[in-house]
Amino acid sequence: MTTVAMSPQQAIEQPNGLVLLLRYLRRNKGLAVGLAIFLALVLFTVIGSFTVDLKHAYPLSVGLKKPPSWQYPFGTDFFGRDLLAAMVVGLWQTAVIGILAGGLGTLIGVILGFIAAYFGGFADATIRTVCQILTPIPVLLIQVVIASSLDKRDVTIFTMAFIVVLLAWMGPTLVIRSQVLTMKERQFVSVAKLSGVSDFGIIFKEILPNLLPFIAAAFVSQVFLAVFAAFYLAVLGLGPLREPLLGNIIWAATGQGAFFNGWWWWPIEPSIGMILILGSLALINMGLDELANPRVRRTE
Amino acid sequence: MRPRLLIKRLLFLVLVIWAASTIVFFIPRLSSRNALRERFAELARTGGFSSTDMEKIIASMQKQFGLDQPLLQQYWQYLNNLVHLDFGVSLYKYPATVTELIAQALPWSISLLLVTTILSFVIGNLLGAIAAWPRSPRWMRGIATPFVLLTGVPPVIMGVLLLFFIGFRLKLLPLGGSYSVGLIPDWSWPFFLDLMAHQILPALALIFGSVGGWVLSMRGMGITIQGEDYVNFAEHKGLTPGRIFRDYYLRNTLLPQVTGLALALGTVVTSAIIVEGLFALPGIGSLINVAIRANDFPTIYGIVIFITIAVAVLMAILEFVYPLIDPRVKNE
Amino acid sequence: MNSMTTTAPDARTAMRPATAATPVLRVEGLEVTYYTDLGRAKALDNVSFTLNSGEKMGVVGESGSGKSTMALAMMRMIKPPGRVEAGKVWVGDTELVSLNTEDMRKARLGKIAYIPQGAMNSLNPVIRIGAQMVDALKSHDVKGSSAELRDRCFAALHSVDLDPGVFRMYAHELSGGMKQRVCIAIGILLKPQVIICDEPTSALDVVTQRQVMETIDRVQDEINAAVILIGHDMGLMAQFVDKVAVMYAGRLVEVATVREMFTDPKHPYSRALIASLPNLENKGVFQGIPGLAPSLLRLPSGCAFHPRCPHGNQDPQRSVRPEEVTLAGGRKVTCHLYDAEGVKNG
């Protein structure tokens, strides 16, 4: 046979990562909006912590029950908190709880899900069964039980985060487990094993990178659930009552009949704050969901 | 349905209930708080007290409630009671038993919970299916986003807002309570209407909060299904778009969603707790709300376990019913 | 290749009742482009061919050569980010590309039917087979009582050698071969003029393959449709089609009768394909085709095949796009080596 001219496959120019990201954001408006709101909230908190006197977020700092004015843009409440300061501190604390509980929950989920899927057998059966049994249990209610059993003095934002994590890890565990299971069956793992890559090598170099979108999505949804749960507990009056957590403020407001007394700004502001936080997280979650599932990903 | 599968499912049910009740049993006992003591301290604050007498009363009540026995024995007693659906006696409304309280409150909640769960299911899934369908008009596909945003609005806040704008400002619907003051409950039409009017805002608050979840999951499902070969082939067959949407797309997306109904009910109930408190409806939600504020632990725990049992039973029922509607699922 | 136990295609064509050889399918200049994040990919480039009623054409090519795209384009089922940029598709007297949505919908299955690849998942799992056949009839305004419609379906099932009991079954109760035959039955319900079979036997075992191919053969004879058979099993093609069309990188590089293609392939790619077939008499080294099919996003300059062609490393192959040439006897080739008279020198 005559020799054949073989030209190397020409590489296709890939636009760099940032451009692809921006193009994607243009298509996925939900994600873009969610991120925008989130960034706005972050800015609010950061700028707020420098410009506002944060000590005023605690009771008896300023005049009582004043409606929004130039001096107190968000007004003050029944107990003498400057609501602007309260919002700044409250947002920050909510973020701490969210990220702490969310991060911990995701971490536990990843580790457990991984162990279950990768090592199979007894570990898998146990972890899976425990998750399945705990799923029908109304988790928020159990958290109510836990929170209400605590001595009121022991409740801080960290204990709240802990309570919230306690029963939230099942979701990510099952998701990560099913993803790792599908990956285990796929060929690139077998190929790596055949090539002699160690178990650890496989885990870190092959599987984890493919898991990243799912881990990111799980993280965001865990943060969402954590913030939601913390809020829920706080609204019931089970939060650290001194802290200006948004849920606490609403609890106090309804407890004092804020609407009927005409102090409308008192419950409305934390409500809006809560809506923004959870809304942006929900949108980001929806957006990441699309990213993780390529089929869902929108094409132009 | 083969007996082995039946037993497996029942066993699961039992395990769930056992797990929940055990958690609920042990957690409070791990804390240093003593419910009785606190209750009495509270009562003592309102009336006078003599400390020695109080101690004697506490001691005797401990005995009566079996609180002076070793922990494991208490646990055994507790499980025993549970099997007989005996949740103990309320501390706050002593001597009413928790079971009585639940039985009183339940009817007021049931209609709200059922209506909310079913309506959110129908509306949410339909919206989600439409949102994922490429041939839906643009504006309908965009509907998904606001509803997803709404999941970020906890039902209680939605309730607050609805209460404020519709109840307070516009005075369109009542501000709370389950029926207007001065009306006597009976089986008459005007009373029924009044009752319904009082349910609208709380139901809306709950529905708005739950719809988003269904929309999201249905949308995800819809996107998967629309890529399926049979949907493609349906188009190749030249079927009308309506038929494709209904028989090939909707049917296949909706079926798996049904399994989520039980969990959805659980979520609705937990949200209802606060909403009922907000609207002063005398249902289970308010019951637990009041119990929390009053530190009435037996009631709190009793309700939590009751709800868990209800959700678990519903799950089991749905699992039995599902094979009847999906021809693919054969009970091995 | 499978041993030839059926009569060769030429003989069969001779045996067929002499219907007027009317061109029932005419494709002119079909072009499809996909607009992706990474650029534009030309999936179909100026594809044209004709088919008469009763004729069977096989379309072969590597993955990504455009075979399925062509089928989808003809059915007007190209979805974004793909778009039909140009071309006409005539089925009988109707031009499909310019039809409005509703008329095109009716044309699908009515005039031109598509039998999918991978019939494993092409049937709706939650409704009965019968319902899936009847809804096709109803969507095309076929009037009749439910009994009449049902009988029509029974007739179609009978044509594909399936028991009428299949009507009441669900998809998961059928084997792969049965499901494929159900798809064929659906395809012939409205007696279309053109039937496109997209790799109908890829997922099946050899015995079932034969069954399915014979079924296609038989139903085509019954309704005298033109059949396009897309696949990459040359052996199967050899036994069942009249013409063979070879596609490469979105272009039709050669169209010839099956006898001509197997005895005297003209285009270097077709030559390589034929040469790569395992030969029972001449057992020896397998001859593959060097190199990889090009990405449609970055097609080589000039002739798309030139990097892999033994005659490729010269001009004009490297710089000029070859145009389609019609050779003696109606064969078509798209290659610089040929002009209307035959092999060019140099």
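Here the chain labels run A, B and C in written order, and each chain numbers its own residues starting at 1.
The rule we apply is simple: a contact is a pair of C-beta atoms (placed from the backbone, for glycine too) under 8 Å apart; a residue touches a chain by one contact, two chains touch by 3 or more.
The structure presented is a predicted model; accordingly, all values stated were derived computationally and were not measured.
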Mean of the CA atoms for each chain, then the mean for all of them together: which chain is nearest? A
Which chains are joined by the largest number of contacting C-beta pairs? A-B
Farthest from chain C by Cα centre, which chain is it? Let me know. B
Indicate the whole-number Å distance between the mean C-alpha point of chain A and the mean C-alpha point of chain B. 23
Quick check: how many Å separate the C-alpha centres of chain B and chain C? 56
From the mean C-alpha coordinate of chain A to that of chain C, what's the distance rounded to whole Å? 51
Can you list the chain A residues touching chain B in their complex? 29-30, 33, 132-138, 140-142, 144-146, 148-151, 224, 228, 231-232, 235-238, 250, 254, 259, 264, 267-268, 271, 274-283, 286, 289, 293, 295-296
In their shared complex, at which residues does chain B touch chain A? 12, 15-16, 19-20, 23-24, 27-28, 30-33, 145, 148-149, 151-154, 156-157, 160-161, 163-164, 168, 212, 216, 220, 223-224, 227, 262-263, 266-267, 269-270, 273-274, 278, 288-289, 292-293, 295, 297, 300-301, 303-304, 307-308, 311-312, 315
Chain C residues within the chain B interface of the complex: 75, 77, 79, 105-110, 113-114, 116, 118, 120-127, 131, 135-136, 138-140, 170, 172, 183, 186
Which chain B residues qualify as touching chain C in the complex? 134, 228-230, 232-241, 243, 247-248, 251-252, 255, 326-328
